[in-house]
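Letters A, B, C and D name the chains as they come in the text, with residue numbers starting at 1 for each one.
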Amino acid sequence: MSSLDFSTTLGNAWFPSPIFTASGCASSGRELAQFFPLHDLGAVVTKSVMSKARNGRPTPRMAETPSGMLNSIGLQGPGIDAFIAKDIPYLVSQKARIIVSIAGETVEEYSTLARKLRSVSGISAVEVNISCPNVENRGLVFACDPEASRRVIDGVRRTLGGELPIIAKLSPDVTDLVSIAKGVVDAGADALALINTVLGMVINLDTLRPHLGGKTGGLSGPAIRPIAVRAVYQVHDAMPKIPILGMGGISSGRDALEIIAAGASGVSIGTASFGNPTALIKIQDELKDLLIAKGFTSLRDAVGYAHRASEEE
Amino acid sequence: MSSLDFSTTLGNAWFPSPIFTASGCASSGRELAQFFPLHDLGAVVTKSVMSKARNGRPTPRMAETPSGMLNSIGLQGPGIDAFIAKDIPYLVSQKARIIVSIAGETVEEYSTLARKLRSVSGISAVEVNISCPNVENRGLVFACDPEASRRVIDGVRRTLGGELPIIAKLSPDVTDLVSIAKGVVDAGADALALINTVLGMVINLDTLRPHLGGKTGGLSGPAIRPIAVRAVYQVHDAMPKIPILGMGGISSGRDALEIIAAGASGVSIGTASFGNPTALIKIQDELKDLLIAKGFTSLRDAVGYAHRASEEE
Amino acid sequence: MATINKNAAQINSMVVSNKRVGQYHQLIINVGDNADACKPGNFVAINVGGESSRMILRRAFAISRVSTNPTFGGTIELIVAPHGQGSKWLCAQNEGASLDLIAPLGTAFGIPTQPVPVLLVGGGYGSAPLFGLAEVLNSRGCRVDMLLGASTASKIYAPMEGKRAVNSLRIYTEDGSMGQIGRVTDPIPELIADLNIAVIYSCGPMAMLSAINSITHNTQVVHQCAVEESMACGVGICMTCVLPVANENGDISMLRSCIDGPVMDGSTVQWDKVGKTL
Amino acid sequence: MATINKNAAQINSMVVSNKRVGQYHQLIINVGDNADACKPGNFVAINVGGESSRMILRRAFAISRVSTNPTFGGTIELIVAPHGQGSKWLCAQNEGASLDLIAPLGTAFGIPTQPVPVLLVGGGYGSAPLFGLAEVLNSRGCRVDMLLGASTASKIYAPMEGKRAVNSLRIYTEDGSMGQIGRVTDPIPELIADLNIAVIYSCGPMAMLSAINSITHNTQVVHQCAVEESMACGVGICMTCVLPVANENGDISMLRSCIDGPVMDGSTVQWDKVGKTL
């Protein structure tokens, strides 16, 4: 059998596998641990945690759409203190590698969250979810505003110091993704997570009103995969040295290889786990087999392959 | 049987049905005429025509994706003169109502196209496809640049005079769709067409290179319907008086009613015709039945219903 | 060690039979040893539409009855209403079809430690889990009375053999096409008084559960209800299926109905806040 | 009056039989009166995956043979390679399954007005339409010789009864597992000379068609080839299936292979420009 180096890195963080959970799609980790050991994954990306406990949006919170789904959870969660007290120790006990996702409503809130995480051990990286409404600027989503995006990452970078890698998670709902990506990298992001959900809506045909309690929701699942692959390709093209955690509709080893070839060093799996709680393991196994079948000896050689191959022409 | 007023208007143009073809998805009309009389539709929206004949992009030009497809045709076409000489007379002979879609690479090209259309009779409206790269501004797509979008529509408006309604067709790939919509309405658009395709990409897993000849392509089909419904809802919310021609993944009467309730006065059907050449008629019949079943006596009462219903709370 | 859904397993199961019953389909599915862990109130989550389906989420169905069949091993019964594309697909699966299924999921009905009089109330296919529950309660010495309701006769699911464990069964339809005309909740206050009901077990539309709760509110009657919220994952990872529930201190939080439910203590559910911003 | 695809109709057809033949499936489909309009070279476009499929586009398949069966009426035969999800789904359809199908589409092979010696060259499932074509040519008095090639034996489709109308049939496989080892194009120059071939009819991978064209280029031999480009609609409305083709004046334009093809005059196709920007 061929031997394959399946490991990957994001900034200075090393992971034995490139397959991660996606933020908000694995809850505390305990729920999936019934189906496989969390240690088997590259990492668990936790759901975005905020300073205070939040109840989130009213129900209905989901609608299935063709090859996708909309969600409007509204970042329900226990708040950073309870999260550090309960969820981190559990994940550590499971020997899972941990990427903590943080979310805030102000630039200051992100820094506060980062400060609380500084002293917590067992964390591999911090993912900064900037797809949140900025209460200081008419609720405009941070990730849609180049300046606000920069300021959030800058604040987190200053607070964290140089140790923990920062992964800035961007929204695809922008005119110029590359310029936003460049901005957050300038501000200190070590890596980028692409893509968050795409803004969508479903009208309930019985009531003829918006179906979701929150009216609009985030579209995820295979339907958005072509958008995710394009986003990863564009950003990798512009900044080939910046590692990307790719995601958006990945549900097979083939899908994972597609986004890796487009430029992703790691792959988060979100919605696929809803349809199949063992999807992460299935995808991980399929990806390994596929890389070996294609003659790769190292995952790293496949990262961004679609760009290199086209240069050869 | 209940009687239903199924007619609709976009600007000062009247149509007996709100179901139209989508630009670029019905070729010259002759191809569909084999399957049903074109006169039965609300209107035929022609494929975007440019000043000169164009060969378009290299093949492969399409990839199927989950519940969607990517295309990269690159506006292949005969050029405006041949179009006016051959395609318009054919559509007129079929008694089809005609909306001509125009596309250009410069602001001037759009005006030139509009000038040629002024004297052509039998046209109900002009759809201005501004999702084209602007050669005068680093290839930035007009529809992604508020100022360029305005200038295109302004030029077309001045050239056409006040007679023919102008429908500005916008791209969803922008941070702030509503502000672009407002800009083109200020510049003289009578109606808006929402949405053009979403930029996407597929990597070929045999070659590990971009599958499409044009690398990226436009995502269409049911996969993008939630994005289309959201776009129509947002824009109708901001400008309830501006008629919208809604499109994006509509493939049943239920889908059509969904986008109408979100705010569309007319519905274009694109990709659905590829899977089913009689989709337009099927959708039209289903929509009629559905409106009657829901007790509507006029299509107009259903337009934007999702907004009014929520105000009643 | 897993603490959530600890008996759940994802298996390839096989359809043993599929029979139309009124507007429903009764599906018997071979789930092997998994049947042993299934309790009344638990549900299953099934992949629908096959490999190239555009339906990416599982569908949830209550386990109606469990049995160990000498030929097939452990089987479960589901009562499925053909509602949208997913449930219609399931209703079209024939004997021998294989199903990717996760079972058992969620909480089960709590069984009283003492033999007390209980009332079981089912709406539509909500009656499905009540017959298996009735057998358990009956075997514990409880007196079991049952009320079933639906809009019309063909939506009443009440199998002959299901009535064995039941002392009385009354049926209500809104159009009067079967049993008495009216709502299944109408006779509840009287029955509570007459039969000295200690626990009501309910399963059906949220409006029915809420109406029962208004009746049991401020009484000694315990209300164990199986709620039904839209579920994207069924296993606790998506946070879509939440309901506002109060804890002992009266603090309200959004609990997941797939793991903290579907069976919940009706008195803790904040019925007036369902679908509202907390 | 329609001028494009004027014989095409969208129908609900029925699978009469489905048989494995090597790596292919032979499907016989009842298309009723539509069979009368089907000519060798035409293709059909079929909906795949059923109602809730995520596959939104039709799949194109060459019509292999047409017959009028006293029991079933008009039937067509398809030879389907299980390639991706759509063709696999089709190969899994059993007798009695109904298919949403459009037929006949596209151009047909041109038949010489004089009885001339012709050579038929098929690659893989590309041989499918050639047997029906051979019968037509044979009935017009042409001498028909045939070459079939594939990577391996199981990818050769050459039914016994298909050989009736053929003067000679030679098979080539790249691995030598059937017939001679080598490429189907290897013997063509010699055969042209020996048999005084007037027309080559070809169907198979684009690389094979292009290679044949290099042989017929600057000769008197007419090359009628059935091309295969990715098609989104099959009926001429999407512009995805284009090929660079020269007209009489030498002007090159992108023609749709679904309506100006699949059968094209090989000498007009700009093989070196396929997949390039014009």
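Please note the rule applied: a contact is a pair of C-beta atoms (placed from the backbone, for glycine too) under 8 Å apart; a residue touches a chain by one contact, two chains touch by 3 or more.
Since the model is a prediction, treat every value here as computed from it, not as a measurement.
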Original post:
Going only through chains that touch each other, what is the minimum step count from subunit C to subunit D?
Top reply: 1
Subject >> Of all other chains, the one whose Cα centre sits farthest from subunit D >> reply: C
Subject >> Gap in Å, rounded to a whole number, between the CA centres of subunit C and subunit B >> reply: 47
Original post:
Cα centroid separation between subunit A and subunit B, in whole Å?
Top reply: 34
Original post:
Per the centroid of Cα atoms for each chain, what is the distance between subunit A and subunit C, given in Å?
Top reply: 36
Original post:
Which positions in subunit B touch two or more other chains at once?
Top reply: 63, 66-68, 221-222
Subject >> Residues of subunit C whose C-beta touches two or more other chains >> reply: 54-55
Original post:
If each chain is a dot and touching chains are joined, what shape do you get: line, ring, star, complete or other?
Top reply: complete
Subject >> Complex contacts: residues of subunit C adjacent to subunit B >> reply: 54
Subject >> In the complex with subunit C, residue positions of subunit A that touch it >> reply: 24-27, 30-35, 47, 55-64, 66-69, 71, 73, 76, 213, 221-222, 251, 271-278
Original post:
For subunit A, which residues are in contact with subunit D within the complex?
Top reply: 66-67, 222
Subject >> Residue ranges of subunit C touching subunit D (in the complex, touch as defined) >> reply: 49-55, 85-86, 89
Subject >> Complex contact set, residues of subunit D against subunit B >> reply: 2-6, 8, 10, 47, 54-58, 100, 102, 229-230, 232-233, 235-244, 253-254, 259, 274-278
